Structures are given as C-alpha cells and as structure tokens.
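Sending over a structure as structure tokens; questions will come in a sec.
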Amino acid sequence: MREILEAVAVGELTPAEAESELAGYATTGAGRFDAAREARSGVPEAVLGSGKTADEIGDLAATAVETAGRAIVTRIDAAGAAAVRRELRESAPEATVQWDERANWLVATEAGFERPAIDAGVGVVSAGTSDAVPAGEAAMIAREMGVDVTRIDDVGVASLARTIDAVDRLREQDVLVVAAGREGALPTVVAGLVDTPVIGLPVSTGYGHGGSGEAALSGMLQSCTALSVVNIDAGFTAGTQAGLIARRIAAARGSD
Amino acid sequence: MREILEAVAVGELTPAEAESELAGYATTGAGRFDAAREARSGVPEAVLGSGKTADEIGDLAATAVETAGRAIVTRIDAAGAAAVRRELRESAPEATVQWDERANWLVATEAGFERPAIDAGVGVVSAGTSDAVPAGEAAMIAREMGVDVTRIDDVGVASLARTIDAVDRLREQDVLVVAAGREGALPTVVAGLVDTPVIGLPVSTGYGHGGSGEAALSGMLQSCTALSVVNIDAGFTAGTQAGLIARRIAAARGSD
Amino acid sequence: MREILEAVAVGELTPAEAESELAGYATTGAGRFDAAREARSGVPEAVLGSGKTADEIGDLAATAVETAGRAIVTRIDAAGAAAVRRELRESAPEATVQWDERANWLVATEAGFERPAIDAGVGVVSAGTSDAVPAGEAAMIAREMGVDVTRIDDVGVASLARTIDAVDRLREQDVLVVAAGREGALPTVVAGLVDTPVIGLPVSTGYGHGGSGEAALSGMLQSCTALSVVNIDAGFTAGTQAGLIARRIAAARGSD
Amino acid sequence: MREILEAVAVGELTPAEAESELAGYATTGAGRFDAAREARSGVPEAVLGSGKTADEIGDLAATAVETAGRAIVTRIDAAGAAAVRRELRESAPEATVQWDERANWLVATEAGFERPAIDAGVGVVSAGTSDAVPAGEAAMIAREMGVDVTRIDDVGVASLARTIDAVDRLREQDVLVVAAGREGALPTVVAGLVDTPVIGLPVSTGYGHGGSGEAALSGMLQSCTALSVVNIDAGFTAGTQAGLIARRIAAARGSD
Amino acid sequence: MREILEAVAVGELTPAEAESELAGYATTGAGRFDAAREARSGVPEAVLGSGKTADEIGDLAATAVETAGRAIVTRIDAAGAAAVRRELRESAPEATVQWDERANWLVATEAGFERPAIDAGVGVVSAGTSDAVPAGEAAMIAREMGVDVTRIDDVGVASLARTIDAVDRLREQDVLVVAAGREGALPTVVAGLVDTPVIGLPVSTGYGHGGSGEAALSGMLQSCTALSVVNIDAGFTAGTQAGLIARRIAAARGSD
Amino acid sequence: MREILEAVAVGELTPAEAESELAGYATTGAGRFDAAREARSGVPEAVLGSGKTADEIGDLAATAVETAGRAIVTRIDAAGAAAVRRELRESAPEATVQWDERANWLVATEAGFERPAIDAGVGVVSAGTSDAVPAGEAAMIAREMGVDVTRIDDVGVASLARTIDAVDRLREQDVLVVAAGREGALPTVVAGLVDTPVIGLPVSTGYGHGGSGEAALSGMLQSCTALSVVNIDAGFTAGTQAGLIARRIAAARGSD
Amino acid sequence: MREILEAVAVGELTPAEAESELAGYATTGAGRFDAAREARSGVPEAVLGSGKTADEIGDLAATAVETAGRAIVTRIDAAGAAAVRRELRESAPEATVQWDERANWLVATEAGFERPAIDAGVGVVSAGTSDAVPAGEAAMIAREMGVDVTRIDDVGVASLARTIDAVDRLREQDVLVVAAGREGALPTVVAGLVDTPVIGLPVSTGYGHGGSGEAALSGMLQSCTALSVVNIDAGFTAGTQAGLIARRIAAARGSD
Amino acid sequence: MREILEAVAVGELTPAEAESELAGYATTGAGRFDAAREARSGVPEAVLGSGKTADEIGDLAATAVETAGRAIVTRIDAAGAAAVRRELRESAPEATVQWDERANWLVATEAGFERPAIDAGVGVVSAGTSDAVPAGEAAMIAREMGVDVTRIDDVGVASLARTIDAVDRLREQDVLVVAAGREGALPTVVAGLVDTPVIGLPVSTGYGHGGSGEAALSGMLQSCTALSVVNIDAGFTAGTQAGLIARRIAAARGSD
C-alpha cells in the first residue's frame, strides 16, 4: 500500500487510479454496478431473484442490460420473468431473453452483446434428474463466463456401469462440477477415476435423517479424494468457481 | 393369549410351560442367564465389556462358560482379558480363550463345546483398514452363531477397480455386512452390484463436519438402494442380524 | 476381472456377454430401463413421483408398462395417477391400474402380467394408524416382488397386551418390517420376542424435540436387540430389503 | 405483596418477618445455607462435587453438617470423600459418613440426626446395570427426604417377561422413577402398565447416533403415555421431584 | 406371573380374569376402546385430531361417546368439530359439545355423563398469551380427569413483580403445570419459590436459534430446581401427568 | 477515501500519515504489535494462551511488556505463567506479575505503567460459583481498560430473594455483564429489573441435553428483554464490549 | 431489601412507594400496561403482531395509544395495520399512523405526542438489501426511544471498498448495530475498524447448511473482536440494546 | 467400455492392458500401492498416521520409499517419525527424512528422487498462527506435487489493513488456499479482492457455539463469493485440489 501512496505523492498515479487500485472500483455512478465485480473478481454480477418483488427484478435486470449489455438472474419465477420482458420491451426492445423455467434462471442480452470465449471446458455432471436445477444453474453461469460446457447426466452410482461408461467424457474436461443428492457418493467415485479437479455440488433431495442435502454435503466433505465442495444447491457458486479455474487454464493456453 | 390360558385351565399345559410360552423364559435361577435369550431371539447372550470393571467381566465370563459352555465378550481391554483367563484357570481350567486385541473381543469355550454349524454364508466387507474393529466384531458374532464367514477387505470406492474386482466374491454370499467410514459410499455401490441383502455398518472414522461416522450413517440411510443400516460401530448388531438371516436361509435349506 | 477379460481374449465370451457380466446391463436402448436393475440387484425399478410433473410420471409409467409389463410409482398424487391412466388408455388400453390414495402408490400392469411368486412370508407390522403410509408402501413393494405379505396392525407398546397377543403371528413370518413413529419402541420389543430378522421402519410422526421421526430413528439405532433400520418413512427401502431376504429364503426352499 | 407491606407499616410484622415471608430466607449468616431452601422448596440443600476441589468439598460438607445436621454431596470422587472424612474428624468426630463409590454420592450425618419419615413409597426402576449411577442418586435423595424407596432393577424391555413379572411391585408404589439408557423404551412400557405417575430418567449409555442418552431423552419426550422427564443422568432431579410428590401424598394421608 | 397361571390351573381364576390381570384389557369388541386405558393407566382415552380426516374424527368421537359417555379430541380444527357435531346429531342427539377454538380441543359428553370429582387442585400457569394453546390443553384434560383446575396466567419473568404477586396462589395448588416459551425461565423461578411439584411445559414460541421451543425445553432440563418436563407443546401429557399425581393425593385424602 | 488520496496528491498528508489513516497502523516493526489495535478498536491486545507452548507465551508476553508496558494473557496454565516470569526476570526485572490461577489469566506490567482511569462502572454479575472463570476474565479485562469494576456474585434465580436483594447494586452500574450457566435465566431476570444495558455471558456448566452452555446461550438469545449476548465462556469478549461502552459513557462525562 | 422494609416500618416510605421500589410497578389498573416497563427497564412496551389476530392487534394498539400516547407494533401484516387504523378512527381520530410495509412495523401516536430526544447517535448498518427488515426494525425502535439514527446500507464485505469507504461515518456513531446474513462477516470487519461498541444482528438469509441465519449467528459469536450479538432477525432487541446504551451516553452528556 | 472389450477380442489390447485401462491399476503386487493412484487421479499416495501404530507407519513408509521413491505421512507423531527413521536406516540408508513437528507431517525420499516441477503457483494463506497445522499440511502436499508454494500468513480480517497489504501477493498466485478458524471470514474477503480461484480451508479453532471449526465451515459455505470449500482441518485435501488445478494450468502453459 505504501508504494501506491508514494506513487500518488510523486504524481505517478492520479488519485482516481490509486482508488481503483486500492478499492477495486471507481466512483462513477451506475457504472459501479457491474464493471467493478467482473473486473475485480472475474465473476459477472448476477441478480438473485428470490426475496425480491417482480418489479424490483425487472428494474435491476433492465439496469444490468443497459450498463453491462447482459442481465443474469437466478432463482426467478414466472412473474419475475414476465416483469423483465415488460421492462426490456421499453428500455431495450432488441434484447434477447432466455428463460429456463426448470432451472429457474434468465439471461437477457442486448443486441450485439458478445460473450467472452474461453478455450477451456467444464463438465457438469449429474447423478439423476432431480439434480437438474442446481446443475443447470452451474452450467448457465459457466457458459456466460465463456466456458465450453459439456453436460454428462444420469450417471448415478446405484448403476455403476453408467458411471464407468462416462469415464472418457469425464477425463476430457478441464474441470468437473459433479452434482448429487441423497447420499452424494458420485463426486467421490468420479474423483477417484480422473485426475481433473472436481467440485462437488450437493443437492437438496432426500428426506428423513440427512435429508435436504445434508447427507450429501457431509459425505462430500468426508470424501478421501481431492474434492472441494460448495453449499447445498449452490449451482451458481460451483459454476463460477469452475469458470474461474477454466479462465486460468485458458489464459495459460494463451487464448483468453 | 386366551388359547394358552384356556389350555392351562384344562390342564393341557403346565403353568411352567405356559410361562415359557408367554414370557420366553423359565424361572430356573442361573439357567435364566442364557437359555432364554438364545432360544427366544436366536442371538447368543454376550457381555459388553465397556463400563464394567475387570473383575466384573471375569465373573460374568466364568458364569457364562459354566452355564452356556461359552462366553462372548465385546469391547474388552487387556485387563479384562487377563481377568477372564484368571477366573477360568480356576473354574474351567480346560477352557479355550481366544482374544482379538485389535477388534476387542474375547470368546472362551468349555472343552468340548460345539458351535452350531449353519449352512449359509455371510460376507463381511470393509472399505479400508480403519474399519477393522467393527468389521471384526461382526465377523466374530456371526461365526459364533455358526455361520460360514468370508472377509472381503480393502475394497473402498476411491479405487473403484478394487470394488469391481470383488463382485464375484460378493455375489457368492447369502448376506453381506458392508462396513465403511468417512463418506460411507461402499454399501451403496455394493448394493447396486448384487442381489444379496446388504446391511450397512457405518464406522466412526473421519473428522470435522460429519465426522465420527455421522456422514457415513446419514449417507447409508439416504442410499437409493435396498440397504438396511445399523448404528455407528455397531458391528455386533450387524453380525447378529446377518446371522439371523443366515439361520433362516439355512433352515430353508433343511440343514440347520 | 482378469479372468473375464482373458475369456474374451480367447473367445469364450463375446464382448457383449463380458459387458453384461462386468457392467450389469447391455446397451440395448429402452430395454435398459428395467431389465438391468431387476436382474442385477433383485429390486424392481420404480418411479419416484415426488419432484416430477404429472406428465413426466405418465410418460415414465407408460414406458415401464411397455418394457417391463409393470409400472410401480411411489409418492404419487391424484394428478399423477390421472396422468398415468390417461397415458395408458392410449398405449396399453388393457392394463390394470391400482392406486392406493392413502399410501400414495400406484401399480399398473399389462394384461397377462404375472408377478413372481416367492415361497416366503414378510410380516409388515405397525404401531398405530399413523404408520399406515410407510407400512403400506413396504407391503406393496414386497408384494410386487412376489412375497406373501401379512399385515399386523395397531400393536403399539403403550398397550402392551396388544403386542403380546400378536406374538404367534409375528413368529410365523420369515422376515418382519416393523413401523413405528414417536418413540419408536415397537421394533425393539418385537425383536426381543422373536428370532425372526426384524427391519425397523421409523415413521415421521411426533412433534417437538425428536419429532419428524428423529426420536424413532435414533431409538431404533440404539436398540440392544439385533435390529437393522432404514431411513424415516423409507417404506420402499424396508420392503425391498425384506423382499431380498425373502427371495433368498425361498430360493433355499427350492421354489424360487 | 401490598398486604405484607401494610402489615409491616402497622407493626403487625417485624421487618425481619416480612423479609422471611417475601424473600424466603432471613439474613442470619451461616444459617442461610440450608434453612432457606428446604423450608421454601422442600428440597434439602446438596453440594455438587464436580467442579470443586477436594478441600472446597470438605469445607462445604463440614458446614452443612454443622448447620443442618447433614451433608449431602453428589458427583464426588475418592479424594473428595477423603477430604470430607478428614474435615469431619475434627469438626464433628461423631458424625456418620456413608459413601457410595458406585453411585458417587456421600451422606454425612451428625450423631442423633433424624431423617424425616414420610408415609409414601417411591419405586426406582432400572433397565439394566449400566443405569446404576443415576438410579442410585435418585434413590439416595428420595431416601434422605424421608421416603420409603423400593429398587426394582434389571427389567429392560429386550426381555419383556422380566418387565411383566415386575408389574405388581410397580403398581404398589406411589410414584415411579424409571431409568433407562440406549433407546429408553422402559418408562413408556411401564407407564402403559400402571396408573402411577412415572418420571422418566434417561441415562447416558449408548454410542454412535443418539448416544450419550440423547436417544433415550427424545424417546421419552415423544412417548404417548403420561410421562414427565428429567435431563440425562439427572438422578438427583428425578429423586427430588418424586420426593416432593411423595410428600404431598403423605401429607394427604395425615402423617407428614 | 407364575402365581396367576397357577391360580388358573387350580380354577381360582377364569381364563378371562387372568387375561384381564395379565394383559390389562378383556377382548370384548368395541368396549376395548376406552375401558382398558382408563382402568389400566388412569388416563382417559383421547382422539388426536391431527393427521386424521374430518370424517374419521367424527366416527371416532361418536364411538367414544357411545362406549365411554365422553369423547375428548385434541388438535382438532373447525372441519373436524363440524363433523363431530354432525355425527352426534344422529347417534347421540342429546350430547353436549364443547369446542375451544383457541386451544383446539373438543369434549363431547352424553346427557347425564358425570365427570369424576377429585379432591385435589392443579394450577396451570402461563408466562404470556402465546402459551394459551398448550396451557389450555393441559387444563382441559386435568379437568376431564376430575381435578379442580386453577388458571394463573401472564406471570412471565420479564416483569418479575407479576410472578412474585402470584406466589400465594401458586403455593395453594397440589401440583403445578408451568407453561413458558422463548427462554422458558418461568418454571425454574416458580420451582424456586414453592414446595409443590412443578411440571415444566415448553411452548413452541420464539424464532431464530433455539426457536420452536427448543431453548425453553433445554433450559427446563438444565434447571437446578426439582423440575420434571414434558415435550414442547405437550399440554395433554403435562395435564395427564398432573392429573395422575392429583388422583394419588386425593386418594390419600380418602375422597377419590 | 478519495479525499485522503487527494490530500496526499497535494502534499497535505505524507504517505505514512495516509497509511495510518487508511490502514489503521503504521509499518514500524515491533511497534505494530499493540499500538494499532488499542488505538483503532479501543481494545488492548491480549495473548490467548491456549494452543501455544509455554515458551511462545513467555516470548509474546515479554514483547508485549517491552512495547506496550503491559502483557495480558488469557487461558494460561501454571507452566505458561512460569515461563512468563522466567522471561521477564531477564528482560524486565522490575515488572509486576499478577496471575489468577482460578480464572486463568495473567497480567504483567512494567514498573511505572499506568492503567487508564475511566469514570464509568461495570458490574460483573454471576449466578453461582461455577461461573467464576468467565466472570473473572470479564472483570480483569474491563479493569485493564480502566473501568471501575464491581463484582456481584451468587445471585442465581433458584433463590430469587438473593437476586432481588441485589437490585440496588445492579442499578448503580453503567453496564452489566451477567454470567450464568445451566438454564441461563439470570440475565433475563436482571434485564427485566434494571434500565442498564445488560450483556449476557453464557457459561459452559451443565450436562446432558443443552449442556456445555448451549441451553444458556439459546435461552439468552430467546430472552424477550433487551439483552445482547456473547459466546459461551467468552468472558474476554463480554468484558471488552462492556469496557467500550463504559469508555463512551466516560468520554461523555468529559473525564476520559 | 431490609433497608426498604425498615423504612416502611418507621414510616419513611408508604407501602405503595415500597411496592414500587421493590416490585417495579404500582397496581393502578390499565396504567400498568406501559408505565411499568418503560420506567423500569427503559424499553417502550411494544406489541408483537405475529401470533395474534388482526382484531387483537387493533385492540392492543388502541389501548397503547390511549394509555401511553403511542403504540409500537412489530411483525404486523396488512390486515393488522388495517385493524389498527379502523380502531383508532374511533378511539383516537387524530392519531397519526406510520406503517412500514417492508420492515413490517407500525407506529401510531396520539396528536401532540412527543418522542424523547436523546443526544446520542446509533448507526444501523446493513450488508445488503436482504437485511432491510431486521435493520429497519432496529432503526425504528431506536428512533422511538429518541435516538438519532443513521442508516449506512449496502456495505457488505464481498466488495470491501464499500466497507472501507464508510469508515468515517461508522466512527462518528456512538453505537453501531450491524446487520448481516449468509456468512455474517460484516460486524467482525466493522468492529476491527472502529472503537465504537458494535452489536451484531444476524439475518435469516442464506440456504443449505448454516442457512436461516445460523452461519451468521455462529460466525458473530466466534468473532475475535469485541462484539456482542442478538438472536437471528431480532432487530427489535438490537435496537433497544443500542437505545439503552445511547441513553446512558446521553445522560452522561447531561442532556437526557 | 464396449470398444476396449472389442479391442481385447481382436487382440489389439492384451488383457493386462485392458485391465489397466478399465480398472486404473495392474495387479502387480507391491507396485499396486502407488503407481495406480498417482497415475489415475494425479494425487500422490499418502499414509495417514492417525489410527496406526508406530510400527505400521514405519513399515508403510519404508514400502512407499522402496516402490515410489518417496513416502508422505500426515498426522504423524514423534513415535511414528522415530519408527520411520529406524526402518529406513536399514532399508534405505541414504534416504532423506523431513519431519515437521508442528504441522505433523513427514516426507522421506530416496537418494536421487526428483520431485515433479510444475510451472504454476499456489498461495497458502492463513488468518493467524493457530491455522498453522492445516495450512502447513496443504503447503507440503502441494509442494510434493511439484507446485511452487508461497506462504502468506497472519492476514486475518480483524486487522483489515494486513489483508489489504497482501493484495498484490494474493493476485500473483494461480490458485489460493485460504485457511481460517473461528468465524472464517478471511476466504470471503480474499475472494472478493482477487479473480484467482480460492479454496476455503476451515480450521478447528474456536470454542462454544460454532466451535471446532463448524462456524468457519458454515460461513465459508454461505459466502456469496465464488468459493469452494474442504472439510474442517482438511489441509491435505485443499492442497491436493490446489495442486490438481495448478497441474492443469501448468500443462496449458506447456511445461508439465
């Protein structure tokens, strides 16, 4: 910190540059919304729909499209999606809206918006159909970060042959997000079969003792393989963590 | 119940016979210790060493040898084992004592004692060496019930090939007890590979969140295979349940 | 594994046979749905209704009837049951549909479908009327596996005489599934009275501390009888485990 | 309160009498130790040994003997008991000391001390030998309150006949304290057989999930019989509660 | 047990008498519903409304009125109460129905039904208005058992003066049921002020950590006064336990 | 932040001054140890003894005395205290060492060190003798911050008169720290009697369900009085929070 | 206590004065509702809307306005607010009603009611918009106690620059209430930056493991800064605790 | 799988090659120990010292040195380290042994053993000195995998300036492992400042509610930054996961 301040003192940096350097953002009004986060931490700013009214979601999404060219909303329901379309019809009539009713996310992009393209692949793996929502959220955000996403579904360990059949596709990926509910054994089995980094994504299926994803979470934490884990149903976190790793790999490939 | 009482009323049953029928034991002093439990519930009476002094264990084991021809003690330490030997040197100098220092059990038998021989096989499977104590306890009690026990060790799912290699041996058994700690995935994987009844035995390994066997237990309860479970480290319970099933199968084979 | 691969190498096995042997299924399209699981693990494939739309349930049930002659659906509501009937009216107009509104399951069978018939009996025991749903699910799946199921209801330990009255019927069974909520003491009392293998099925009744079946589950795990346990409300698991044991016993009787 | 204060104002009560009435004790130095609690709440003051040094226990016990004629100490070890004897040898050489090494309590009485004698009976029931410590503590304090205590041991529900055999003795008591560890089913079974008030005393036996008495506690709280409960291993509380009930019954009998 | 059976053998008891003695009920059809429980355990049989359909509640209540002269239903809603009235209009048109909408219970009595009258008093104490439902349930069942019930409401410890003001009324009771939610301190404070037996009744108020009555329950279990406890919201259990104690006291008074 | 940086740019602040302003400390080697924390957050730096070797504790304490004139060590045992004395004998032979063996803290001061003197009073209240350790730690650190500390001990609610007797002394304090274990009701009762800010300090006494201070903590969190709380046994935190409040009050009195 | 009673005895105090002194309230009918609490504990009486019917809320609020000039209601919905307006239209037509639909509180004041004015400032800080409800409740009650409240919103630690930017405003306050959900790190970071007393207010955001505010609560309890904490979502408690501290500071400033 | 088997059938693969391909190891005796795991999953085989005798550890380490040129042992104590030295003195007298007494690991390498060298950097960050053991374990295993490891210690958020000072060094790393105990806020703060992938490593410091690392773990799981997490104290897992990511990045740099 001392060096930056000395640079300011001798005029090598303007105060604004120093602020950017030290604080991670410049005080430029509405532009603060997104530029800061993506630049600083590599993760696109997203709107969490749950706990907000449809109108609030509509407003925030319109602002995001205006300032960043893209709005990403998670945990959004039909009313929220309708509000976003309504808002954009006025403020950005040429925007494209993609709403995944099953995985509960929406992405709206200004005409001409170009996603980054990252030369690295993330595999999003699921044990069964009940893992679709968090797995879908993980795949979406990784894709929006520019990653090449491959879905490998329905490879749960109760029918081990399906898991083994998928080994080659699993090994081809640069990073794996592996979603599983109930006993959550799939990430452990996968991490034992590949030398790819695996991020376990516990899913809130199951009932009774250890239900709501708690058994899956604690099982993944206890795994004796080299597994890291995110919270139950935290598809967004798993996808962004995978995206950050993929960005590093792609940068190393010289193609970022 | 009415029928039994009417049989007593008309003299078809003596009161003692009726008591045996209704209560499961006859009031015959020291004989009550063992005859009752094994006859009624099929499980040999055993002494739980933990929480007793060495002297108490020694006394109880000597009584068991005297009345039942055999003493089974679990969770016994070196002092307890020494006390048993000391007691038996006097009361039953020809008895044979087998003490498993690792799995913490002791079996003493009167000279000439004959174990039952049951025509059915129980496989005791373990994920790793840290499962040795509960797995050993399960194997011991099943063996004492007369079952033919096969140990299948070190087949944890982190190296899936080891598990798959064992499939044939797993399928040959009549019942399986599968012990696993940490994330406890092995019983799920095994139950997905065989059509044998599988009893999951969670082991108190692991640390941090879900440690002490809790992750393994909740994972086994959440398994989507046809798995039943016993408490953490309850090797004795798993072994006796497997033994009861084996007895039924052997009886059906006409060889009990 | 080496042996199988050597058998392939010398032509004793075709690759397809080896695959079946190693993987548990053959890659034959829609046939994979059911043939694999029932053949490999002895448990009929079933559709879990909860978490699926009525349309998805209808589709899956119709496919199951087509490929396996029978669809088993658990945790299904009225809308799901209507969707199944609608689908089958077209694809399998002669199919029979049985829907248990109370225990929330549905079984549809193609005309002429024949259940297996297993020469072994499972007793499904309940402490009170609030245990009806999981007990009913356990009884259904055991019956579909071909087992002879006997219901022994309303024998809770608060009126111990009712339990004791049932002893003879309890002893006649080859396996017992014992459902109980609240404090869950019935399986312990039953297992102390019989030499039959007992599977405890905790039920999510009760409120306050230890409610939702947690007291019943932990009580069954702590039982000092030879009891194995399934998760709270896991009637399907208890019934299939009982069914697998019954199959083994029946096979031993030479009548499978 | 207003009435008492008006009585003071007009001189009908001295300030000290009013204080006693309002506050439950009079500020008379060492006399405060005991007179207050026993008079106010009916429970003899006791010293909890755990967390105190041997010297502190010795001092407190000597003071108790001096002021109240009796010292009751719970959770006391050998060093504490030795310190009490040492202190009393000087301050009260004719006192009698009774130390129960197993149940960890000590009672010292001045020569000539007379326990109250209450015309009511408390039954202290235990499921097995591992319940001895809390059951012993409950019996001791009830006895010190003057109650006629009957021990009914080793009637655990795994051998139901033993429980049923005890029914007559159970029905003869005015109040029952029923101690049980592991699954803690005994108080429920007993309360279903008698019309006596039953206080459940969960014991910290058991291991794994629900161990340390938690399964027993939650099972007793979930019981559908008319059972009240104390904390795990809280023999002292169970015994005093039973003693208070017995005192009320005895008072009604006109013999307090 | 042996003695009873010998009495049957020599004809001193009929089998039916022996059955009653041993089992606690006689097999006499619908009469079994109530006669057994009240005679054996002193607690009137009651119908738990929750988990039953309105029609089932109506049927059960009508049967109870017919066989026992009275139906007691807890956790009953408006639809259930309407169903009871509808059923009784036909089967027992002269019955009286009392429905407490707030405390969710209903008592229906045949014309001419006479409650027992017990010469003992139970105080039902509450900390605040949010404790009304469980306190009301406790008061109702104690009253139905014939006890003289006194309500002492709104004496929570946050305004300690209100508690102290109530001391005299508290001391006049034979038994106290003390209901409290949130931190649940009231039973501890009361038990420190009186020598009456106190039964703590934790109430499911409160939110956040320790909410839903868990803080109140654990606080009452940790209390260093002579307190016994029932489960959260278990007003029925607290009231019946208090009723059983009151019956004993009244019996001792010679007026049962 | 912009303003500070602009001040640096125009030379109004040296870089070092700006660093101090922005970062809360200046990079001056060993001086960083203490000057920073006390100046920035008002809390004297302290050494947590647990988890450190005696030698490490000795070193750290000597450094603290050298740089700040005072060392405060919590959770220190006899070996640690000896090491501190040994170190100081060389580096600061005139220092004074105060070690509280019971409350496990040590304070060493250079000759001539002067504590701040704050014109505000903190009352440290305890329910019983088992609260001595955390209460002592709270009192020590408040005293080291310069506060006038009053101890009000042994006023637990089981003998309510003792609590009421203390009301005047309680009301005289500017802030209260109230320590209580088991059911932790004392802070609630106190906060209902005074208009002083009360900080609840739960203590890890108690056993069984809710033991180790968990019942006390959740009870204090559920209290309907205006109570804030610290973690179980966190006497240091409670004392510093009380000290910070006292400093604000004293500053307002104009006497800091 | 003795002194007060002696003062009554010699006529220095009337019984009514003594009662007020000892009990904290005078028995004067409706006036007891509010005068007592505010005078005794410094906290204005408030009505908790949740768990009450709209009519009950309306009645209580009207009574409060009548007796205290002001009604404060928390956790109130639209129906409750409507009922309050309806009641007041009749009983106090000139009253002013302020309803915060988002933070769920309502304050009604009689015409001419004057809030106290306290010369001290409380900062209410929030990490994000989802903390609005508890933060709003804390700000409201502090304001009603007369404190000067400053809102400092949206300074969550994920964008640390926003937190650092707020340091000056944070340091200007006399007390800080810091609300944060999810991982709850903000109060720790703030308390490390200021020497103001900080009260942590955990918020029930978040999902999965540690959701519903439990992670935030335990994180604040574990903080190594001088932080005290209230229960999850307990904005009212945090605000009143801050208000009590502010009152003390203002009193010291001589302006209360 | 079909393809491999067909390749065996036509002789393109030997059975042994197919086994290696399918199972991940070849059945070659002692060689199975290590070759398999490192080749298949990229993680060097390590010996977990805890739960093994010193002799067992010595044997295993000697075998590892012999077959893989290196032994890595975690959670090893002084006796274990001595046993390793003793064994190696005979079997590999020229081996080098490095034992970290503080972080409890040992690495022994054969003379001439060459670690891989990976062109990627892992930063291991700790909040304070109590995080040294897990952080040390993470650094060790990453180093053994060939990664360039940088330690960034003592940057806990209670003194935020220290964290901010480290930003440049944090941003230079390819992957970060961030260890923190108590409230575990550091990984959240770091992940908000950098665009590097961050793996949170909760440490079992802290006491009371949320102690033993549980607060840190749940806080990290709740973090709204892109953070993945490992179990409490699982330094080995965090280090290997970081190592796997670094390997991918290095491979992309073309320097593996």
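By written order: A, B, C, D, E, F, G and H. Residues from 1 in each chain.
In this text, a residue touches a chain if its C-beta (ideal position, glycine included) is under 8 Å from a C-beta of that chain, and two chains touch if they have at least 3 such contacts.
If you're wondering where the values come from, they're calculated on a predicted model, not measured in any experiment.
Engineer: If I compare contact pairs by residue number, which of B-E, B-C or A-C overlaps with B-H on over half of them?
Structural biologist: From the options B-E, B-C or A-C, the copy of B-H is A-C.
Engineer: Does B-C or A-G have more contacting C-beta pairs?
Structural biologist: Most C-beta pairs in contact, of the two: B-C.
Engineer: Rounded to a whole Å, what is the gap between the Cα centroids of subunit B and subunit D?
Structural biologist: One centre to the other, that is 39 Å.
Engineer: Provide the C-alpha centroid distance between subunit D and subunit G, rounded to the nearest whole angstrom.
Structural biologist: 43
Engineer: If you average the CA atoms of subunit A and of subunit B, how far apart do the two points sit, in angstrom?
Structural biologist: Going by mean C-alpha positions, subunit A sits 49 Å from subunit B.
Engineer: Counting in whole Å, what is the centre-to-centre distance of subunit E and subunit H, each centre being its mean C-alpha position?
Structural biologist: Centre separation, subunit E to subunit H: 60 Å.
Engineer: Multi-chain contacts only, two chains or more: what residues does subunit E have there?
Structural biologist: Answer for subunit E, listing residues that touch two or more other chains: 1, 22-24, 40, 159-161, 164-165, 191-193, 208-210, 214, 217, 221-223, 225, 231, 234.
Engineer: Along subunit H, where are the residues that touch subunit A in the complex?
Structural biologist: The touching residues are 1, 22, 24, 40-43, 120, 161, 164-165, 174-175, 191-197, 199, 217, 221-223, 225-231, 234, 237-238, 240-241, 243-245, 247-250, 252-253.
Engineer: Where on subunit F does subunit E make contact in their complex?
Structural biologist: 156-160, 164, 182-185, 188-189, 191-193, 206, 208-211, 214-225
Engineer: Which bits of subunit F are touching subunit D when the two form their complex?
Structural biologist: Subunit F reaches subunit D through residues 129-130, 159-161, 164-165, 205, 207-210.
Engineer: Using the touch rule from the top, collect the residues of subunit F that touch subunit A in their complex.
Structural biologist: 1-2, 5-6, 8-9, 11, 14-16, 18-19, 22-23, 27
Engineer: Which bits of subunit A are touching subunit G when the two form their complex?
Structural biologist: 22-25, 36-37, 40, 51-52, 202, 204, 213-214, 217, 231-234
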